[in-house]
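The structure under discussion is supplied below as structure tokens; questions concerning it will follow.
Going by the order they are written in, the chains are A, B, C and D; count residues from 1 in each one.
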């Protein structure tokens, strides 16, 4: 997929996934902070979100693998060409391998939501592994390219391995909103950086960059930091927007409840329950 | 042991060890989740498993060292040849050193199971050390080889050092099923990868690989990820199989117990105990 | 800012910031150890300190960016020169980027102090990120320089990345005085080392150092350790001085209170409060 | 100190220090496991051990610095020779710097034992720093030497940085006997390895090693693993010996106490105390 589109498609997916994660984790965090201590059974709505996420991961990975394999110039599930004594389209096979691991993480997410006995953290472990494999393949993918090409891909690895490490931490430190948003932010960063790679290596206006100029590498390094700042900003503003929206909704509901409470008669235990949920 | 067999034998051992660890830790996990909080005295059956494991480690290490030393073209416990002013069969000595540390970990496992005062975690520390030493010697073993040979061995190090790090974590985080299965999975991965090394460097059909071709290295890197996926699958399916088997057995026993309870008369304290063990 | 002043200014800022952090955290530590267990609501005075710190960070970053951009030979907010087909003053842009992240950490500090719902640890995360970005840009900044120039800057990275890592730990381990003082100490170290870089690369007496002599590099490495020892000493002595001052003040207040207590009449609850604060 | 003695002296010190740490921490561990939960005020005997250790560290560092500076061919506290425009005996200055940090750790140990308000963990932080500085200077010390010379010193770094990392962990994880004995073992390893460096680089029988032969490097790598196994064995056997000795002594005391108890009359509270201490 050595063209602009081939970088824009995964970029779009990673960005959307990052936003989805931000929204999901802020909703969960909001819900957690409202619960009395000790109660941590997820409501069905969150379970549904996990199923949707896992299902989408599996679906997207499957489509991704199929496209990589059966695209016109793809390997068509053929790995080794005996006549030519050479491997067939290793790049497509590598991409398929990356998709495979994201698919596995989807399976793990669904399994750990569905089956109580699957140890918590398996979903994060598999995401961490998927990112590790992505980074691992990219890392061995980069040797022998032009300096700027190699450098811009190795910057991607900062986001990928950073995400892998922070997600691995989540296996042990559960329900830490900072780690969860870090993961979301690093997915967004990965997404925007894929776009940046596309813009630099396959410029839309056809104005090719000098792949050996040192100044270009310096700019690209700095540009990565700007993307990081932007990812931070996007996560912060999305989080705030979601939080405020939830607050407004729950306040409205509270007002309705208060109105209802005044007119209806209820037992003491019901009142206590309501008041408990009203305490922020 | 520069032949296919020399890679298949350790590969087989590591794979079997990985499966054993999976079974052992799933049984322990199953047992832990059934216990009321606070009670964590291991039943004698688990102690016996540890003795068997430790004993086998010591035995296998001893045999391994003896074979490496007294094989026909081995060093026969001779380290330095004064006449030739050269070291004698350093490779065999290195392998003996690796076995030695697995033997030490067996001793530590038995000691920490047998003697209450040996601090918990010593067994994991020594396994971590054994893996570290294995990786450490392999790492300094690889310099100056053909690119593919060096690369395929350095991929092994990912499994070895990964296992060493995750086992080291277990010194501090006890009874974490994810870490325990990670260890098991990385042993399986190491085992299957030993086979892969054998297949690549000493192909059974005699069709030698080009040790300098870049495409071969790219394929091997990707192949390592496939092994990782397979190790994950093997651990997951073994775990599920063990879990379901245990469930079926314990349900049968429960039914028998319920039958017995109806017909027999028992004191209140006995009933309480039974009910406690029935609570999932 | 390739001159002595260009290194002395950030050096001064970092040193002062390190001292401020030492004083702030010793005051907080002193306050924490005096509190009965469980009470951890920060008094308004500490909140004010955080606002001052955050406000100053934002202000200094803004000024820094403006100076870097609009200094006589600066880029004047122009990134790419289309006529010359070259980037404009990338060095100034890099410094602006570094300042930007310290500004962001100021915003995060104020937000997390002001708004209860911002998760604790966000301020540390952003400081860690600011240090990471600083080190990241410096690291890619250093290639192709004279050995001593490269070496003296890479020694700076030890302080910068060390600070980034220890601050990252603070996201998870809160209120650990050792981590807090380590951060303070590493900022002081960074500050004094900036001065050292200035002295070596732009000697005030005009006596230029040989940038290729190996002995100079050996000296500089050792000199970094001396700076480390000095930073340790400065943190330790500042901490002791602040602690003793606080002790003296609180003893005086206690004497006054005891005097007042003897003469005045008060309710039982007031007495209990006073006695609570007198304990330790 | 480029001779055998120059390596044997620090080697002896590190080995003895490692044994001292083993004995000290086993005594503390033995004492901790006998205490009822919650009580963790160190008895005066342990405090005295800390003072002795800290005092010895300060004394030995002072002597070490003096010797390095004022030995016949030492720098005599002169850093820069203006006439020759060169640094004076940088090697001796580097060694002095290393000693300085071990001296600082001695001061920190005494301070944190003496003054209650010094945060726990400062002693470990400074030991970790001392090891870091030692490794840091050695690391930059090694460039440009013969391969075997460089390699044998870089193996030392495994023990030094390993010790630094494990000691740093002790800042956060207190009273973990495994970490404490790891530190002790790595000091012993460092000590025996110093001897090994002496034997290899300055052989007593005058039979010089070929510093460029690859086989020598392979042997030395393996030999390091043997030293590791030996350090493990030494820590384990010393620990067992100390533990058994303590057990025997406390049993004798118990018998005497039981004898006393039979003949003497005592109040109920005294009995309760005795029984509490008898419970293992």
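We adopt the following convention: contacts are C-beta pairs under 8 Å (C-beta built on N, C-alpha and C of every residue); 3 or more make two chains touch, one makes a residue touch a chain.
Since the model is a prediction, treat every value here as computed from it, not as a measurement.
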item: Chains in simultaneous contact with chain B and chain D; value: none
item: Chain whose average C-alpha position is farthest from chain A's own; value: D
item: Interface composition of copies chain C and chain D: same or different, split at half; value: different
item: Cα-centroid distance, chain B relative to chain C, in whole angstrom; value: 46
item: Chain A and chain C, separation of their C-alpha mean positions in angstrom; value: 33
item: For chain B, residues that touch 2 or more chains besides their own; value: none
item: Chain pairs in mutual contact under the definition given at the outset; value: A-B, A-C, B-D, C-D
item: Sites on chain A touched by chain C in the complex; value: 29, 33, 158, 173, 176-178, 182, 214-219, 221-222, 225-226, 228-229, 232, 243
item: Residue ranges of chain B touching chain D (in the complex, touch as defined); value: 86-87, 90, 93-94, 97, 100-101, 104, 117, 119, 121-122, 125-126, 129, 133, 136-137, 140-141, 144, 171-172
